[in-house]
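Same chain, two partners: subunit A is paired with subunit B first, then with subunit C.
Moving on to the complex of A and B:
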């Protein structure tokens, strides 16, 4: 028998009113503004933009405020908003070689043309709590230096010149789009990269780390990591030519991996690639390592059965909004489902006990 | 295209400057001109998204990276000239003003608009990029080798 249950409206309203109060926190402390979140919690904003898959810092900051700092909830809010927007087109692929770099480092070539630029990094800090930050927000001006205009070509291009690096195959101008069609397996690399770019940072970090520890090991060097602003160009049909329609901050990581050669490929270096909205190098490096692990088949490598090589496993579980939606739904009322489970268990127990009693009589 | 004369180069440049500019600054500069040209709205400001693409390995096959917010608007001046605004973000006024500026930049008022709006936006963009570049330059590593005295 199915009995529809209603009720709880009053409780839900009261819960949401309390949520709003808790979000505000103690009223004798100044309220956090969206501009403060955008300006001072920039890396949180970046993560929400990357995994929300929508570049808009104001919206991401608002989502973080509304979600009380719960990043996955904020990402969920951005994904939901994103679906309300009409799509006006797609940009030309961004030219990351022309990036205005805040940071640009290479772990493989010390004397890279364009130099090694550290940017505003946590690296080389001592990871000691800075109690001055709790006292006041005064900071001295960062040093500035005259800018020498010089190109910062991709470091990979130097290996390319020597033919030591596996060339990147071209692909269709219109790549498949996860947001328009369900995930189709086996996926192309373009589809995998889209999925990884919006994937959960923690999930990718864990998978990437597993490849370093030996699950489908392919020793990666960071050939280049760059963070900076890229112009976004799009062809405008009304105009008949392309214009810059905006700019995005991106983190790009290119790894170079040793490769002994396989049945189909000569010994050479191979590539892994990470590209992420905002400043997020942990995610970009993780993405590059997982991208490389997933390329085993096209490079003729062995499938070692490692999780990071399993395209279906990686792509099906990388999206935190999907994952949390399914995970958290089990806390919602399942009264009827559970009622039937209860009936079943009682019946099985009755039968088992009856059998036991029967055996005792026979013994 | 390289080296060839691009008849759309000027328009492309001012539209790009308008698209990347700060909405509040665009609005303030436009208000400062005191201009209010009579115009029809061809396309009311409309907020949407554009899919931003990258390339695998920076040089290979294109892939969809994620979307960015984007607003567009189109106007027609009394003279019949059409202007388009295509701007980043969700500010409808920014898109509408960009469309008006685009239209006026095609008239004999171009020099006036260039001086009152576009030049300031371009200067602000250069200053913003320059300030970050100067800080980045200060973090450029100078390597030196420590002599070990082995020979």
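Moving on to the complex of A and C:
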């Protein structure tokens, strides 16, 4: 029997204490350290940094620990922390062309200046459970080789030189920021990209996949996918020039998509763009496909009514912190509203049955 | 908590919210977009209301939080504790003592006064949302005062059910201009929307604030031949005997016996303290719970 009761305060305290105990798990097993999470669950940490919109691996690892491995909960913890931080200013645009790449592949050219670098990828592993790992996770050192540092210009720049790829107009000097201004529709591409960079990986993956299956198909090739470290520079007013203030790991994906042309313009390829904190290539590729689908209007394409083309739909539902909060709020008591529905349905049924009875008498 | 500003939000954010509040008060019923912040509680759990309360709160305020009319529901407890912790303000369960009251789904039974502020938590601020999913379209409809769709919906209700089948979040027209969602209060509460206190509505996830200044004309939508009717369960409160308050329906035993009691716990408690009694003067399971 459930009855609305007093005692909410005590119940909450007890629930929190229980939660803390559950988080710790069996005490005869060593406690997980933040350093272990940061060092050994790096892709989880990356996802929390990307969707939490805060580049801090230590805090992200702490959030994962505190959230008991629930990624969206960890992202939420980071967001709620991030929103309290003061904002000193904006960095100079990060030069991803100068990225120190761990991984750099192109699906459109077999080779290009800078070469193809596989990096630490799951791609060609056989997905067989490694039972040895259950007992012993130590591995021999990976083979090393000295390489001559070589520039890795963006693959897209080679298409650009030939005029084969549609040029991008310059964005606004100060990019919009949806964490400081309410979302205003229609959104600019810069705002869309910000929203997508913070968006839920699963949601973007599903949308991107839907474009591949024919819901606003845009024939994407991965022109380039690169993962590596980029310097972050900031202009210091007192100095009058930009200095490096730190480094971030980024994943960047540029897609080259079906060409378009018109009577006045010769055919050109178009592009989609994805940029994500950390090594998050599934997200970066998804973002590029969804970005491209959302560009239908500016590229003069038809609106096919596909979900991935609907800016309002995508931007309003891509944020997992918003989505999970609203979804889960239906756990909260709604007895007042339900009570009013109960009364209404009883009244409507009473009236309907009275009408039915009267019709029977008249018949 | 010394790392956080008074009432959690930084002063710049509060100023931004206060500007939105002032705009909302100047255009009653109009939804003002604002740059809602991530709060340390989930979206959909009162972040809009919490941001409003934080923006209007001063150190001298006495704060009350109700959810479903009750001070002791879990989320009301959680929000009250949040402000005890981050603002150190005094809190109360007495409607009359409070200067700021944050509410979810109810308007207190006792009439509020001019020196009180009632802050509503709003899930979906757009009254036209379930008729038109696009925000771009609904903003246009408000701008053009194009509310035909809403009237058609209410008319279709009557033709299908013989009555308007909206029991809560019943739409209102403010000062003859904007159609407004009063948040999911039962329609029983709608007549109280014209009141002496300032009413602020906050939707955090949807990034909207709207407001009703004191004594604003608020009319529940209806038709001449189907006038609006505020309804409640046709019972007195089993605890205090009140016949003018909104009631919760409880199932009190395995045979499904029902019991009705005030949803506004302060109203009920105040009446009982004055000696009013109903048919079942002991609240079920209330004393024994720990």
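Operating definition for what follows: the second predicted complex is superposed on the first by the 349 of 363 C-alpha atoms of A that agree within 3 Å, B and C clash if a C-alpha of one lies under 4 Å from a C-alpha of the other, contacts with A are read in each partner's own complex, and residues count from 1 in each chain.
One rule holds in what follows: contacts are C-beta pairs under 8 Å (C-beta built on N, C-alpha and C of every residue); 3 or more make two chains touch, one makes a residue touch a chain.
Since the model is a prediction, treat every value here as computed from it, not as a measurement.
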item	value
First, second, both or neither for A:118, with subunit B first and subunit C second	first
Which superposed partner A:334 touches (first subunit B, second subunit C, both, neither)	second
Which superposed partner A:145 touches (first subunit B, second subunit C, both, neither)	first
Residues of subunit A touched, compared between subunit B and subunit C (which is higher)	B
Touched partner set for A:8, first subunit B, second subunit C, both or neither	second
Which superposed partner A:324 touches (first subunit B, second subunit C, both, neither)	second
First (subunit B), second (subunit C), both or neither touched by A:82	both
Which of subunit B and subunit C A:48 touches, first, second, both or neither	neither
Overlapping contact positions on subunit A, where the subunit C interface meets the subunit B interface	82, 86, 179
Complex contact set, residues of subunit B against subunit A	8, 11-12, 15-16, 19-20, 46-70, 72, 74, 84, 86-90, 129-141, 143
Complex interface listing, subunit A residues touching subunit C	1-12, 76, 79-80, 82-84, 86, 179-186, 312, 316, 321-322, 324-329, 332-337, 339-344, 347-348, 351-352, 355
Subunit C residues within the subunit A interface of the complex	3-4, 8, 10, 33-40, 42-45, 47, 67-70, 72-78, 81, 104-106, 123, 134-136, 161-163, 165, 167-169, 184-188, 205, 207-208, 231-233, 246-254, 263, 283-286, 289-290
Interface residues, subunit A side, partner subunit B - complex	49-50, 53-56, 58-59, 82, 85-94, 96-97, 100-103, 110-111, 115-120, 142-148, 154, 156, 168-179, 188-191, 193-194, 197-198, 229, 231-232, 234, 236, 238-248, 250, 252, 254, 271, 273, 275, 277
